[in-house]
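Following are the structures in question.
Okay, so chain A shows up in both of these, paired with chain B first and chain C after.
Right after this comes the complex of A and B.
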C-alpha cells in the first residue's frame, strides 16, 4: 500500500482574507461617495479645484472695465479732465464680468461680492451723501441692489439667478453706476466738492472697487440643458 | 484543531490596490464632490477735474448773461420813429431780505462794509470776447406815488424772496422828465441806465436828479486788476452816465481761470465789485455853505438934468462883492452900494460812500418798493451788449454783503 501524503487543499476563492478585502472594498466605496454615503464631501465646497486631479477642472475669469458717460448739460460746470466723475456732468460705470471658462466641463453656481475700499475722498463724496451708487446685473447672476454698509463702506452681494447655472463661457455681469448730481438737497454740489477735484490728468480716487467671485460646480442632476 | 490564518500577501495587496483605485479614480459623477474656481478684479473710481460757477437753479441771486432778457429799447422818446436797439437786460429790485446773501464767503481783499451792495462776476472761460460789453448800475427809487398799474413785472417778488423778481423793461416808453405817477419803474431805470435823453447826462433838466440816484457798480473805469475799489470818475452832479460807458472786453473785469491768484478784485474765477454812490441821505447832492461879503446896488434917476432925482430904486440882486462894482453915475442916474455878509451854499465834490441796503425788517413789499432813500431798496440794472452770445458760464451774482 502506498501511502501518499495528504494533499494540501488549495483555498477556494472566498477565503477569509479575500472576504476581508471585499468587505473593505464595500466599506471604502460606501464611505467615499454616493447619495447613501455619510461622507460630507459636499460640504467642502471651498476645496481648491486644483487639488482634485480631474479631467474636468473649472475656471472663472474676472475682469472689470470702466467707462465714463455724460449726465447732461450743466452750464455752471465745465469739465477740465477727460475722465473721472464730475458732479452733474459725468458719471462712471464699472462693469465687472465673471465668465465661466470656455472649457468647463461642468456647470456651476456663482456667488460673490463687489466691495468698496474707501480712499481719502470717500468721506466728502459718499459719507456726506453726494455719491449715488447703483448696482445692476445681467447674465447668469442677480445682484442685490441694496448694499451692506460695513464701516462706512459698501458691499453688494450677487449670486446665481434662481433657476440658472453658469455654463462654459457664460458670464455674470455686475455694473456699478457711480454718479454725483448737480444739486443735492438744495446744495450746489460742484461748488461744495471743489476740494475733491483731481487734476486734468490724474483722478482723485475715492474708493477701490473689488469683485470677488466663486464658481462652484453644481451636481450633475442640477445642470441645465 | 487550530486553524491559523496566513495573510496571503497577494490578496491583501489586491484589496489595497482596489481601494486606492476607488479613492483616486472615482468619477465625479458618482459623488457629491464639487469643483470650485475663484476670480477677482479691482478698479478704482475717482473725481475728475472741473471748473464751476454757482448754479443759478440753487442760488436765486445769480444770473447768467446768456439768460438776460432780450428787449428792443428805444433810443429816444421825443422821436416816435427813432431807432430801437437790441438790449439784453435784467432790472432787479434788490432788498436785504436774505435772498441776496453772497452764495459763498466774499474774499477778504475786496473790503467794503456790512450790508453793502455789490456784484460778483463768475466765469470758467479763460479767453472771453473782447468785443462784447457789460454795464451794471444801481438806482435809488423814486416811486412813492407810483400807481399800482405802473408796476409791471416779468416775475413779481414773493413774500419771502426778491431775488427771483424782475421788473419788466420792455415798454416802448422811455422817460423824458420828472418821474410821474404813471412812470414805469422798470422802464425808467432802463433808460436812466442807458443815458437816454440826457438822463444822467452832462446837460439837461434831469441831470441832477438822475445822477443823485445813481450808484456805481461796473462801468468803464473799473478793472479786475487795479480799479475795483477806486472811486468812479464822476464827481459832479453832471457826471455822465450813458450806454457807451460800459466795460468793453470781458477779460478786463471777469476772471475765467480757476487757479487765478487772489489779487485786487480777483479771487480764483470770480471778481467782486462793490457799489458806491455820490449822494447822501435821501438823495441830496452834498454842498458846502460859506459866508461871504457881497455887494448890492441901488439907483435913482431924474428926467432932466435940473430935475430932482426920484426915489431910490430897490436894492438890486446880490452880486459878488469881488465882482464888478455898481455902474458909474451918469447925468440922469446915480448909484449907491452896500456890502453885507451873505451865506452861500454851493455844490461840492462828494465823498463817495458805500451803497448800503439795511435789513428789510418788518417792511412790506410795497413799502420796500416805494422807498426813496435808497437804503431799503436799490434797483439794479444788468446789461450786456455786442455780437454773439456770451458763454453760458458767465454769471453775475448780485449780493448784499
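Right after this comes the complex of A and C.
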C-alpha cells in the first residue's frame, strides 16, 4: 500500500500580481535611471579647440676669432711664426661674439664668463705676472676688466649693459688683448720663456680660453624698443 | 366583460408610458438652459538650450605678462594670436548663447575647460600642455567658483548670452624650466553644460 503526499498548489492568485508589479517597478526604475528620461532638462555643447603656440626657441650663438698684432714696444726678439704671442713684439687679440638668435621672440639678458685655463708649461705666465690681459666689450654687454681666478683659471665676467637687452640678432662682444712684455720688473721675460716657446709649426699654447654665456628671457615690461 | 376592461387598462398604461417618454426628452423640458465653450488656452513648454559650438570663440582676448606674478596694474594689450612665451597670460571672453524660457526655470551652468597637446607624441606639445593652465575666471560677471558653475534664471541672461572669462597662463617659472616647451602647440577648449535644477 502506497501513500501519496498532498500536492501543494502554487498560489497563482498571489504570484501573478506580484510578478506584474515587479515588472512594472523594474520598467519604471529603468526609465527613471536613463539620463535621457530624466524629467529635468539639460544641454551640453563643446567649444571648438583653440590652438595656442609656444614661441620658438630663444637661442644664442657664440663664436671666437683670433688675430695677432704688433706691439709698439721695442724688442730684440725675432718673430718665428705669423701668429702667437711674442714677448714685447706681438700681441694676440681674441674676440668672443655672443649673438642672439635672429628668430628670438623675446629679448634677453646675457651673462657669462671668459675663462683662461693655464697650461702647465706656461704657469709662469700667470704666477710671475708676465701676462698682460685687457678686456673690453662692445654691443649689449659690459665686461668686468678685472679678472678673478676661478678654479685656477683667469676669469672675466660680463653681463648685459644696464638699460639694455639683447634683441634678436643683436651681439655682445668681449675682446681680450693679450701680450707679454719683453721686460717685466727688470726681468728679461723673453729669455725666461724662451725654453717653452713654440715653433713655426707647433705652437705652444699657454692657456685655453673659453667663453660661456647664457641668454635669459626678460619680462616684456623690461623689453626695449 | 373582462376582456375590454383589460384592454382599456393596457391602453391606459401605454398612454401613461408614452407621455412619460415624451416628457423625458430634453428638448421638451419646460425650464431654460444654455451652454458655451471657452476659447482655447494654449500651454507652452519652456526652453533650455545652449547655442551651437560654432558660436563660441575667444573674443576680446588680451595678453599681459606676469613675471613671475601680476598685479592689478600690470598692463595688458590686445592679443593678436601670436606665440606665447613664459609669463604670458591670455584672457579671453566666450559669449555662450543660452536660452532659458520658463517662469520657474532655473539651471546650473557649468564650464569645464580642457587642454591637450596638439600632437600627443610631440614632446614640446606635451611639455607645453603640462606647463600651461586654463581656468575659468568669471561666469556672467561673477567670480567663478571651483568647479566653475553658476545658477542662472531667465532674468539673469542679457542679450541671450552668458559671458565666460577664461584665462590661459604660461608660467614664468625658473630659468630654463620650460625650455622643453619651446615651439610646442596646445589645443584649448571648454565644455559647457546647462542643467535644470529645482526652482525652489
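Keep this in mind: the second predicted complex is superposed on the first by the 166 of 225 C-alpha atoms of A that agree within 3 Å, B and C clash if a C-alpha of one lies under 4 Å from a C-alpha of the other, contacts with A are read in each partner's own complex, and residues count from 1 in each chain.
As a working rule, a residue touches a chain if its C-beta (ideal position, glycine included) is under 8 Å from a C-beta of that chain, and two chains touch if they have at least 3 such contacts.
Just so it is clear, the model here is predicted, and its values are computed rather than measured.
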First (chain B), second (chain C), both or neither touched by A:153: neither
Touched partner set for A:128, first chain B, second chain C, both or neither: neither
First (chain B), second (chain C), both or neither touched by A:217: both
Comparing the two partners chain B and chain C, which touches a greater set of residues in chain A: B
Which of chain B and chain C A:196 touches, first, second, both or neither: first
Touched partner set for A:58, first chain B, second chain C, both or neither: both
Which of chain B and chain C A:168 touches, first, second, both or neither: neither
Which of chain B and chain C A:106 touches, first, second, both or neither: both
Where chain A meets both chain C and chain B, residue numbers: 41-42, 44-49, 52-54, 56-58, 106, 214, 216-217, 219-220
Partner chain A, residues of chain B touching it in the complex: 5, 7-8, 11-12, 14-15, 18-19, 22-24, 26, 28-59, 64, 66, 103-104, 124-125, 258, 392-393, 395
Sites on chain A touched by chain C in the complex: 40-58, 105-106, 214, 216-217, 219-221
Interfacial residue positions of chain A with respect to chain B in the complex: 15-18, 20-22, 24-25, 28-29, 32-35, 37, 39, 41-42, 44-49, 52-54, 56-64, 66, 74-87, 89-90, 92, 94, 96, 98, 101, 106, 108, 119, 121, 125, 178, 182-183, 186-188, 190-191, 193-194, 196-200, 203-220
Residues on chain C engaged by chain A in the complex (per definition of touch): 48-54, 56-58, 65, 67, 74-75, 82-88, 90, 94, 107, 116, 118, 124, 128, 132, 168, 170, 172, 175, 179, 181-197
